[in-house]
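Here come two complexes built around chain A, the first alongside chain B, the second alongside chain C.
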Partner chain A sequence: MAANTLERRAARRGWVFASPALLVVGAVMIFPVIFSVVMSLSNVSVTGNGIGLSGITGANYSVLVHAPRFWHAVEFTVVYTACTVTVETVLGTMIALVLERLQAGRGWMMALMLLPWTLITVVSAELWGYIYNGVYGVLDAITQAFGVPGVNVLGTPVSAAVAMGVADIWKTTPFVAIMVLAGLVMLPDDVTEAARVDGAGAWTIFWRIRLPLLRPALAVAVMFRILQAFGLFDLPYVLTQGGPGTSTESLALLGYRVLFNDLDFGPGAAIAASTALIVLVVCLAFLKVFRAQVGEQKG
Partner chain B sequence: MRFISSRLIPVAALATCLATVAGCSSSGSGTAAGAAQSPGGQPKGTITWYANQFGPTSTDVRKTLITAFEKADQGITVNLEQAPSDTDTFRSSLETQIAGGSSSFDVYNGDVTWPAQFGKAGLAQPLNSYLSSSFWSQFSPGLVSSLTYQGKVMAVPIFTDNAFLFYRKDLLAKAHLPVPTTWQQLQSEAATLQKDHLVKYGFAAQFDSYEGLTCDWTEFAADAGASSVNPAGTASTIDSPQAVQALDFMRGLITSGVAPSATTTFQEQQSESLFTSGQVAFLRNWTYAYADSNGSGSKVAGDVGITNLPTFAGQSGPGYSVTGGWNLYLNPHSKNTPAAVAFMKWMGGTQAQTIIAEQGGEIPTVASVLHDPAVQASNPAFPIAAKNKLNARPSFVAAYSKVSEAIYTNVNAALTGSVSTQSALSAASQQIGSALSNTGL
Partner chain C sequence: MARKRRLSWFHVAAVAIALFIALPLYWLIASSFKGAGDITSAAAFPPHPSGANYVNAFSGYNFGTYLANSAIVSVATTAAVLCLGTLAGYALGRMPLRGKTAVMTALLMISLFPTIAVVAPLYLLMRDIGWLNSYQGLILAYTALMLPFAIWILRNYFLGIPKEMEEVANLDGASPLRTVVSVILPQALPGLFTAGIFTFVASWTEFIVALSLNSADRYRTIPVGIALFGGQFTTPYGTIFAASAVAMLPIAILVLVFRRAVVSGLTAGAVKG
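This part shows the complex of A and B:
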């Protein structure tokens, strides 16, 4: 009983100490989110004295539903996220397995690998832009050496999307690798030891024991990546401007253009809110499937 | 969601900061920025000019202008605040700040295509009541009307920009070819130079999916007799046989190998560096490219010629150039409007315009300065600019940014060959229509 009161008091004190931080989070994160949802449901007028909201309307969403450009951006963002996150997860896990075995120089390798991750995307996108440049790019020089002249990678819809995906994978695979490596290091040795004693081979140990145990670490890594990939903005903004045409226009880029180039704050907020909703649904679905699998394992 | 929240943070943060700052400045009144006018009626105090860099990269013309202004106008001090060099980034920074009520700057630079959009959204203060008609009448013809939205002049033009054809004098001399006056002639001459292995590519321009393509497109279209929006700004006119002809020709430049296929990813910088590295014979670009291509970093310095853009065969030359350039806008939240207006007025005067022309290398907006023989002699581009046939992008409509997006995304798609020219123009026409009627994205 006494312990319970103490705990409750400690908890209350904890809230008091956390409240300044929570206030900041509320002001800079929760308020804008709610504000943009409210904005997406209102008639918005932009004036020199701020943004005026009036009434409740579904008009902003109706504009989106009838715009092929919006649906194209949804499709592109979803497909792009699915492809890049899958490749990054597989590659990242493979790299983590190698790193785990490395005895000497693991720290150096990790530092080296994290270089792409630490580069600001705008900078790395510019660098990839030089590689992909259709006139003096490195890629062009390499293909020319093999007798295929004038490959304009960023000039066709599919190759531009693939080129962007490669730049993304190059940058974020190390992140997945580090997350998975952290999971691997935490794995209990005695389980694998016991399996080995029971005569299980390396493949069996990996697929039946280590990978299932790795699931929490993988889940966190994949969730982070899905959230980030859905906000894809800087790569297309720098590399392709959403082109050719609008073929590589992501939801974030479309939202930015509608909000800040066209000053259409209503539909722009609706794009932002829809994007958040889609990510939320995807993440919940992912977690549900993931939990079900964990449940099966336990059962 | 990530982007909107991060974009809105500045607005919210700004609002909070402003409330705090307002509180502070009222308690510590008597600062220079607060003082609007001296008893004599002469504006004084400190103002802030939010400006991106223009002119040559070696010297900062903005600082030269500020020094000259402070010397000429005793009492006003001008702070320079560096603005983003990317036009769209600059615009979004202005929108969030002004809509958030910021008075941290009084005067700001702005693009020629913004008056209608900013006028409609109230992001700039109309200037009619501050500056008399005699002030406006000194500018080159057509300039002030292009800055007018619903009868209100929204900005003071500080320099204009035109497009030119840059060519390699040495290559044309070697092949005994004249300077082309039609696009067809340019294409065949370029092909000849390539066939003779004198140069790798024939022609470069800005065909990336961005505002610059709207400029290039407007010129080709005007040469073919086409336009994108009707004069009343109520309907699309882009789906016409003349427009198809113009777009087919542009696509043909790529399919014939005269322009590299990567032209569809080129903005000004990429096309210019192809020219200054000596790999292309003809270049469409803005005024500054002349100084750049004859500068120390250029492999073709001394071999560069400049002339008016060509037109299509059968049309009377020269070809059209769109008007670019930058203006000064007045922040509606300025705390020192009289001083801000005094600065804007001075920037539209003879002294500032002469500095901009002679030291900045930009085309002055005041007619008497542009026609001054000393100014004309200072830059080979100026006499040619005086002969340019000008055509404005349809920026007189408030939904111009959407109209332009409809143009450059679809034209770019057609230039890469992923859709036919006809279907690209139909799609553009439909999107321009919905932009003008304010339906759809």
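This part shows the complex of A and C:
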């Protein structure tokens, strides 16, 4: 009984400690998401000193459903995310496997790999824009040295998307590699040792033993990257401006343009809410991974 | 023999990885020293190295202002996040709260939510209270944006501290806040470092919220300033790269010095299990 009262008092104190942070997050992150959903379901009128909301309507979503540009942005974001995250995961795992074997210089490699992560994405976009420049870019100079006539990689939809993917992969693969390496280091040695004694080759050991054991670490890295990639904005904003045409326009970029350039807050909110919805579905698909994260090390 | 060959294979791969990461960074630094006449040159080394771009970034553009704005916003955000996040992380890590698993799951999800989902209401909110183009508006937005992940890192560190520590402090009659500050906090210092670096880097590099809330030249942060450098038809690459190199320096030093803290944060509890 007494212990119970003590516990309850401790719990009350705990909420007092947690509440300032939770209030800020609630007011500035959660409330806006809900407000986006409300706005997307209302008639929004932009007035001189703000916006007015009236009624409940599906009109904003109906605008989206009938807009090929919206569906293109959905398709582009999904395909782009799937491709870049796949390449980053495979490449990141390969890099982690190399680094694991590396005896000397691993510290230096880790330091080097952290640099792209600290780079401002806008800066990396400008850098790759300079590299890809159709008139004087270094990529052009390199291909010409090999006898391939210069191509403007940012000039056609597919090559622009690939070029953007390369810039993305360059910046985020090291991040994936570090996460996977941390997972590799923690794998128990005795299992692989036992397999080796039983005569399993390196290839079999990797595919049948280490990779399955690595799955939790990979799942976290993949989830992080999928959700980050879904918010893709900085890179197309600076590198391709969503072009040529609207071929590399991501959901976030389209949403931003509709909101802040066209001042169409209704459809803009509908795009924002749809993005949130898709992300929520992805989160729920990964709920097991989230739960595993929260549940472990329980004190 | 076979062993020796495999070793060299890994070295070749390691060198290839290092080049893949380092070459674009080298190109950024090298190009920042190319004068206006050389910026279209693809020579491996700047033909006539010059510091003119660095001078121009500060005198021809307002890069000094952007640098100061980024520093103010990032430092203030980091301080606010660490204060609020430590209390929340401690409570969620060590106190008997009902529903804390749900709160942690929700926070982890929120920390991965795309910012586009909040940016329009945030803009309207800041406009209503007159905080567009201000420091406090961006700092408040960033604090909320960065808190969930920081709480996450801190909570994982607090979980690892032995329980006896605070029981002794309790017996000695220390108040709960006092216990946190003088007994638990010193133990959790590495976690504070990690959370602080992550918050700082995220604030330093954030773009979409800064672009939406602080577009006036006086209040632009570095990413917004650099993205809006130059006109519609020309991109002053030399100046951009000089500014970028300056923007990169403090954060690169910070991360390289505290490399361990960063790596442990990237894997914060994440991959145990």
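In this text, the second predicted complex is superposed on the first by the 266 of 299 C-alpha atoms of A that agree within 3 Å, B and C clash if a C-alpha of one lies under 4 Å from a C-alpha of the other, contacts with A are read in each partner's own complex, and residues count from 1 in each chain.
Here is the rule we use: contacts are C-beta pairs under 8 Å (C-beta built on N, C-alpha and C of every residue); 3 or more make two chains touch, one makes a residue touch a chain.
Only a predicted model underlies this, so the values are computations on that prediction, with no experimental measurement involved.
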Quiz item: Just chain B (first), just chain C (second), both, or neither: which does A:85 touch?
Solution: neither
Quiz item: Counting only touches as set out at the top, which of chain B and chain C does A:261 meet: first, second, both, neither?
Solution: first
Quiz item: In the superposed arrangement, which partner chain does A:290 touch: chain B (first), chain C (second), both, or neither?
Solution: second
Exercise. Please tell me which partner, chain B or chain C, touches more residues of chain A.
Key: C
Practice problem: Report for A:220: first if it touches chain B alone, second if chain C alone, otherwise both or neither. | Solution: second
Exercise. Using the superposition on chain A described above, determine whether A:46 touches chain B (first), chain C (second), both, or neither.
Key: first
Practice problem: Determine, under the contact definition given at the top, whether A:63 touches first (chain B), second (chain C), both, or neither. | Solution: first
Practice problem: Kindly classify A:238 by the partners it touches after superposition: chain B alone (first), chain C alone (second), both, or neither? | Solution: second
Exercise. Please work out whether A:161 is in contact with chain B alone, chain C alone, both, or neither, and reply first, second, both or neither.
Key: neither
Quiz item: Where does A:247 make contact in the superposed view: on chain B (first), on chain C (second), on both, or on neither?
Solution: first
Practice problem: Across the two complexes, find the residues of chain A that touch chain B and also touch chain C. | Solution: 27-29, 31-33, 35-36, 50-51, 135-136, 140, 227-228, 230-231, 233, 252, 255-256, 259-260, 268-269, 272-273, 275-276, 279
Self-check item: In the complex with chain B, residue positions of chain A that touch it
Solution: 27-29, 31-33, 35-36, 46-51, 63-64, 66-67, 69-70, 133-136, 140, 150, 152, 154-157, 227-228, 230-231, 233, 240-247, 252, 254-264, 267-269, 272-273, 275-276, 279
Practice problem: Please give the residue numbers of chain A that touch chain C in the complex, ascending. | Solution: 7, 10-11, 13-15, 17-18, 20-22, 24-25, 27-33, 35-36, 39, 50-51, 95, 98-99, 101-102, 105, 107, 109-124, 126-131, 135-138, 140-142, 170, 174-175, 178-179, 182-183, 186, 216-217, 220, 223-224, 227-228, 230-231, 233-234, 237-238, 251-252, 255-256, 259-260, 265, 268-269, 271-273, 275-276, 279-280, 283, 287, 290-299
Quiz item: In the complex of these two chains, what residues of chain C are touching chain A?
Solution: 7, 10-11, 13-14, 17-18, 20-22, 24-25, 27-28, 31, 39-42, 84-85, 87-88, 90-98, 101, 103-105, 107-110, 112-125, 127-128, 140-141, 143-145, 147-148, 151, 156, 159-160, 163, 176, 180, 201, 204-205, 207-208, 212, 222-224, 226-227, 235, 237, 240-241, 244, 247-248, 251-252, 255-256, 259, 262-263, 266-267, 269-273
Quiz prompt | Residue numbers on chain B that touch chain A, as the complex places them | solution = 1-5, 7-9, 12-13, 16, 88, 91-92, 95, 98-101, 117, 121-125, 201, 208-210, 260-262, 264-265, 270, 274, 277, 279, 332-333, 399, 401-402, 405, 409-410, 412-413, 416-419, 424, 439-441
